[in-house]
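Structure, as structure tokens:
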Amino acid sequence: MTVPCRTEELMIHIIAGLMAEGPKGETRHIGCGVLSPIPGSAALLTRHKAAAAGKTIKVSIIGHGAEPYRTDGGVDIFDCAGQGRLDYFFLSGGQIDGEANVNLLGVGDYPGTTARWSGSFGSAYLYFMVPRVILFTLDHSRRTLVETVDFISAPGTSAENVYRPGGPFALITPRCLFMFDREAARFRLASIHPGESADSIREHTGFAYDAPDDVPVTEAPDAATLALLRGEVAADIAGAYPKFAHDVLGAA
Amino acid sequence: MQTTDAIAARIPDGAKLAVFKDRSCAMDVTRALVRRGVRDLHLVCVPTSGFQAELLIAGGCVATIETSGVSLGEIGPAPAFARAVKSGAIRIMDSTCPAIYAQLQAAEKGNPFAPLRGLIGSGILDTRPDYKLIQNPFAEDGRDDPIVALPALAPEIALFHAPFADEAGNVWIGRQPELKLMAHAAAETLVTVEDIRPGNMMEDETLAAAAIPAFYIAAIARAPRGAWPLPLPGHYADDEAALREYAAAAKTGDGLRAWLDANIHGAPASPAAAE
Amino acid sequence: MQTTDAIAARIPDGAKLAVFKDRSCAMDVTRALVRRGVRDLHLVCVPTSGFQAELLIAGGCVATIETSGVSLGEIGPAPAFARAVKSGAIRIMDSTCPAIYAQLQAAEKGNPFAPLRGLIGSGILDTRPDYKLIQNPFAEDGRDDPIVALPALAPEIALFHAPFADEAGNVWIGRQPELKLMAHAAAETLVTVEDIRPGNMMEDETLAAAAIPAFYIAAIARAPRGAWPLPLPGHYADDEAALREYAAAAKTGDGLRAWLDANIHGAPASPAAAE
Amino acid sequence: MTVPCRTEELMIHIIAGLMAEGPKGETRHIGCGVLSPIPGSAALLTRHKAAAAGKTIKVSIIGHGAEPYRTDGGVDIFDCAGQGRLDYFFLSGGQIDGEANVNLLGVGDYPGTTARWSGSFGSAYLYFMVPRVILFTLDHSRRTLVETVDFISAPGTSAENVYRPGGPFALITPRCLFMFDREAARFRLASIHPGESADSIREHTGFAYDAPDDVPVTEAPDAATLALLRGEVAADIAGAYPKFAHDVLGAA
């Protein structure tokens, strides 16, 4: 049975579902960068669900102040990825294009003469090294999901000679879920959130993508999942994102 | 023992100055630098920065910034930074976090460079002619295996704020080993602390593990709440109201000038100093 | 919680096993390995070893040793080591301390190699075809500037003894950051400790700074005085009499066999276990 | 006024004299490796003398258990050298030859088929990086001071294209002090300890070296220096070398 929920909660639920298993069997370690409350909540939801099944998933949230979610210093999360000890990470972007190139830097001529954002952070390394990187955005529009990014903070795919154990796995938006096909270097529409349609997705997406004839509707979380999300997960994510925990998940 | 102003006085115009992320920042010294009107800093952000870089840029103190990102976190973008980069008022050397760490670690070890995976195909590589593509000398069977070589990065000065120092001049940094990396890579390290404790923390096995020995420290000043309005982990959180007030004011050039006049040029260094 | 024998059981014949210097060594486990008769170990000494490598070699457990040196310190040379190297009974990969650290750091960072100054003109380079000479890509004006590239070194197992762990599986290592490096570089880390404490040390800012998070630890066993007869810094010194007795006995093959019979094959794992 | 002293004490005194100033002005940092009680005592003597003049010299003694002499972990001393923060270091050798090549490894075909010693330890790095490396041996004989070492743990000199800010500075033995001329790649006899002669040095030295017509006699320590050495220095060095402190310097 499903119950009404916010779009953010739906996104968290979908991401957690993607991470229930890892690239090599069980999921061992999920990492989240700055400004990532939805991925952070998804990681915690995955962890809590695994814990209920007696399994331990490590979650590292950059900027989280409390055990067990903080990292062992700022270098550690990157070294972890280099060691192959990080299964999932998340990236967003002011622009994301159809080849899963991510732009965190700005618009216009370099270094961002039309709009300048914060910078590329760890993307130019983690996108290569983490087996499954999940992209996310809260703005599913032709402004963000573009045909070609103005600047490649981190490329979606690489030539065959480039060492790259990692790369894009999925893209979650407020409208739908795309999975990424690394061979084809294209997204494939995997499910559409309630209230959207194949046409509405096409209308708001600036890049070409593959889609099956019948696209399933995104499965909403059940009551137990929502209770877990609004309870223990909300309390935990408040250590990094108190405002998000309160405003979106209703944490006290 | 030094004063905050004496610490700031050791940072000359044009210095290549390393600062740390968005916490444990020596903000009293930063304000003193803006007040003094230091010019042409080459700011090395380890590996990003927040309000500290924003304030130095807002104050006209920065010529070049080397960083993986500048933002005010949950509060939003860094307005003076974004304006200065867009207008070309400052030169930016964009990087990615592990590259800056690796460059500092190369300097720490006396290596001329460090290899790093990733980066190939990122626009960062196009904008950084000082990052070079080489062949992995250990590629199997002479396979083509390009890898990025990053030049060592040795700042002239590392500056940060720590929980406490001791009478012997050792500095306790807790769970922020990057501060030790900064001290090793930089020619000179300047520190402010909440407190100076008696004795020698190096004689305490538990404290010593997270201490930077006095040998690496050029000068220390006591500055209670010296990271304000940024947080000092384990001691105080950020002052979100103060940061939001800044962010709102700095949306326009006029608003920023008024904020600087009220909060820097005409104000004491920190709330504690005002008491 | 594991037993010392269970820890030893996780180390198979032929394992590439990293051990630490001449202190904080898991000697109870080492004795269990000799007693079990483990074979063909590839011992990686970080960056040297003393009685631990000597005992494993004396017990016939080692096929290859990768080290910057093996000695019993002030007590003198390591007799079984010296005999085994001279006779060719074990293969030695001679190195220099910072090279082994750099190789582990390369593995820690996921780099295929690490550059290192020095070494050029040392006989070590001639004996290590896996160390390669490359050009410094940052040499000024294309000047000839050779530098050694060292391959990443990722042990299958890291093994050491630490002061304490906690119920959450974190391990406190104090002032020995190399133990953390070993845990990062190795695929799996096995630890014995003096004691298991309640709670979670990661919640304590002071302890957390010198802790290896449980995530990196595959198994822990409690082993009081588990480093004996080697020292555990801050806890106990070496047992010089025991080491001298060994060194005197091991001068001859017969003496060594008698010592092994009396002290390993027919003896409990440690004095504490005998109580 | 000089007073009778042991050869070890004379050696310590001479080494300390060499280190009174540093390669670039004041001596800042002296490092000592394992199995180096004489160098360690010399470093501490230098430090105590400087302290009396109000100057601070950092001394790092690998294996010393107590502040302020222990290192900040095992990697630190090498990184320190790489950073240019280490002025002096010490090396010995089972063989030392006339070009200041050092052999810590063994005799005979590699890996030491005639005699196998401990290994090269940090020599193959520190000899290159520390501006002034002081060699020492307790066995001034043709067995140790050889024409050519069987194995080069670390070379005394390097080709011009090899990056090498450091190298050999002096060689102290129980018989004399040699200084090293890096241009000529040769030792020069600098002073002869009491009881030795130019001939006795020549007789016991296996390599060729330069010598002035009149070689001065090594200056013995004065009473104040000896008191310092047998008092505070002996107490301090006992933290790393208790047996040496007791047997040689007479520490309690």
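Letters are used for the chains, namely A, B, C and D, taken in the order the chains are written, and counting of residues starts over at 1 for each.
Here is the rule we use: a contact is a pair of C-beta atoms (placed from the backbone, for glycine too) under 8 Å apart; a residue touches a chain by one contact, two chains touch by 3 or more.
Keep in mind that this is a model prediction, so the values were computed, not measured.
Quick check for the class: compute each chain's Cα centroid; which one is farthest from the centroid of subunit A?
Result for max centroid distance from subunit A is chain D.
Comparing B-D against A-B, which pair counts more contacting C-beta pairs?
Looking at contacts between chains, A-B has the larger number.
Using Cα averages as centroids, what's the distance between subunit A and subunit B in whole Å?
Using C-alpha averages as centres, the distance is 29 Å.
Round to the nearest whole Å and give the separation of the Cα centres of subunit B and subunit C.
Taking the mean C-alpha position of each chain, the two centres sit 36 Å apart.
Using mean CA coordinates as chain centres, what's the subunit A-subunit C distance in Å?
So the centroids are 40 Å from each other.
Quick check on subunit A: which residues sit in contact with 2+ other chains?
Answer for subunit A, listing residues that touch two or more other chains: 72, 78, 82, 129.
What are the residue numbers in subunit C that touch two or more other chains?
Each of 98, 109-111, 116-117, 136, 145, 147, 175, 177, 233 in subunit C touches at least two other chains.
Between which chains does touch occur?
A-B, A-C, B-C, B-D, C-D
For the complex, give me every residue of subunit C touching subunit A.
107-111, 168, 184-185, 200, 202-203, 213, 215
For the complex, give me every residue of subunit D touching subunit B.
Residue positions touching the partner: 29, 58, 66-68, 72, 78-79, 81-85, 129, 163.
For the complex, give me every residue of subunit B touching subunit A.
So the residues of subunit B in touch with subunit A come to 21, 47-48, 67-71, 73-74, 77-78, 81-82, 85-86, 92, 94-99, 101, 116-124, 126-127, 136, 143-147, 175-178, 181, 233.
For the complex, give me every residue of subunit C touching subunit B.
Residue positions touching the partner: 98, 102, 105, 109-117, 132, 134, 136-139, 145, 147, 149, 151, 173-175, 177, 205-210, 233-234.
Which part of subunit A faces subunit B closely enough to touch in the complex?
Checking each residue of subunit A against subunit B gives 34-35, 63, 65, 70, 72-75, 78, 82, 104-106, 110-129, 151-155, 158-159, 161-163, 241, 243.
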